[in-house]
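Note that the chains are named A, B, C and D in the order they appear, and that numbering of residues resets to 1 at the start of each chain.
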Amino acid sequence: MIRVNYFARLRELAGKGQETVDREEMTVQELLDWAEDTYPGFGKDDVQVAVNEEYALPGDLIRSGDECAFIPPVSGG
Amino acid sequence: MIRVNYFARLRELAGKGQETVDREEMTVQELLDWAEDTYPGFGKDDVQVAVNEEYALPGDLIRSGDECAFIPPVSGG
Amino acid sequence: MKPFEVTESPIDPQKYADYVLHTGAGAVTLFTGHVREWTHGVRTVYLAYEAYVPMAEKKLAQIGEEMEAKWPGIRTAIAHRIGELHLSDIAVVIAVSSPHRKAAYEANEYAIERIKELVPIWKKEIWEDGQEWQGAQKKYPDKGADAQ
Amino acid sequence: MKPFEVTESPIDPQKYADYVLHTGAGAVTLFTGHVREWTHGVRTVYLAYEAYVPMAEKKLAQIGEEMEAKWPGIRTAIAHRIGELHLSDIAVVIAVSSPHRKAAYEANEYAIERIKELVPIWKKEIWEDGQEWQGAQKKYPDKGADAQ
């Protein structure tokens, strides 16, 4: 099981702050594809993924137990 | 009478913070020459003169009643 | 006090300036970002900030490490507030001390640019007639030319 | 509080930051210059600052006018302390507010450069084994390329 967190626009779109995806492993790109399929309008091309609180690349592997987060364009400051 | 003020190194050199020069008028350059004659080691080439709280040029005229100051290299901040 | 923190409480900037000051410091720069009333001709009623808190604090600390590598001898503290912020409230504070002033200015400005690139914090602007999440960064800010 | 002042009292920097803040300001930069323990390998015991006070306050105000002409929309306050200052004491504070951050950084740094060029304030360094008045500016700082 992979845990995913949603923030800002994506949290409002998903209607939740976090959930679990029932997979043993998948790539970052596969997680983004899953999110786009699950939540139309997700806009995966502008979303980064953090795995265990670090930015990850599309080919990086996510494993069961990892904590992921979808990071839409940031706007702190 | 022209009033002159001394600061920092020049105040210590002159042994006073201010005095009056008994002249009706003189140029800034003449005031610097007078100071160099009066206080050996004055170093007039590195000293500016303010007349009535504004930097003055060597040819500017000082008149009786003006308030002058010798401004050695500044070091605020 | 944590030198790199995300907080829901009002920010006291002096606390961060005091934290970075030491007897080797000749200069301290303190930047505060405030909620401004007008942006592009639209009046802001308030802002709502949200963060991925543990990662945001890690990224603030990473920025501090980048700064101390680029400008040896500086000390840094950064805090960002989240939640509802109203006019003139402080959203972010950056404190930098340095033996000499130039590094204190440069490092401070570097910090705010990096915060806007890579720290997972989001701002929603709430106007009288609407609201919108802000943000339009590069897709991989962490891998950009500025990253160390 | 005077926005451009020379004072014998300890400086509270927050007072100057508060002075420049207003609802149009999105950024405030606060610079403080502190007495540093070591300069060029020599240990400072304390500093003694002296000023031509009325002219120094005029020149600080002139710098503020230069800044507001170069960076429209900013607000500025500057204070310089005189007398005996000890380790970490604040000698100078510069507060700048601006709608946007870039001007707040640039204008603040401009202010300290100009102070060091033209404001009639002098610093004497007192070491364990001696003392010396500092300063080595251009002869006509007020007429230089930076002057407006």
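Keep in mind that, in the parts below, contacts are C-beta pairs under 8 Å (C-beta built on N, C-alpha and C of every residue); 3 or more make two chains touch, one makes a residue touch a chain.
Note that the structure is predicted; figures quoted are calculated from it, not measured.
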Remaining chains grouped by touching, chain D not included: A, C | B
- prompt: Distance from the CA centroid of chain A to that of chain D, rounded to the nearest Å?
  reply: 49
Whole-Å gap between the CA centroids of chain B and chain D: 25
Statement: The distance between the C-alpha centres of chain A and chain B, rounded to whole Å, is 72
- request: At least two other chains touched by the same residue of chain A: list those residues.
  value: none
- prompt: Residues of chain D touching 2+ other chains?
  reply: 33, 112
Query: What are the touching chain pairs in this one?
result: A-C, B-D, C-D
- line: Per the touch rule above, chain B residues touching chain D in the complex are 5, 7-9, 11-12, 45-46, 48, 50, 53-55, 57, 69, 71-77
- request: Could you please specify the touching residues of chain D with respect to chain B in the complex?
  value: 33, 49-52, 54-56, 58, 80, 91-92, 112, 115-124, 133-137, 139-143
Message: So in the complex, the part of chain D that touches chain C is made up of which residues?
response: 13-14, 17, 21-38, 87-88, 99, 101, 104-105, 108-109, 112
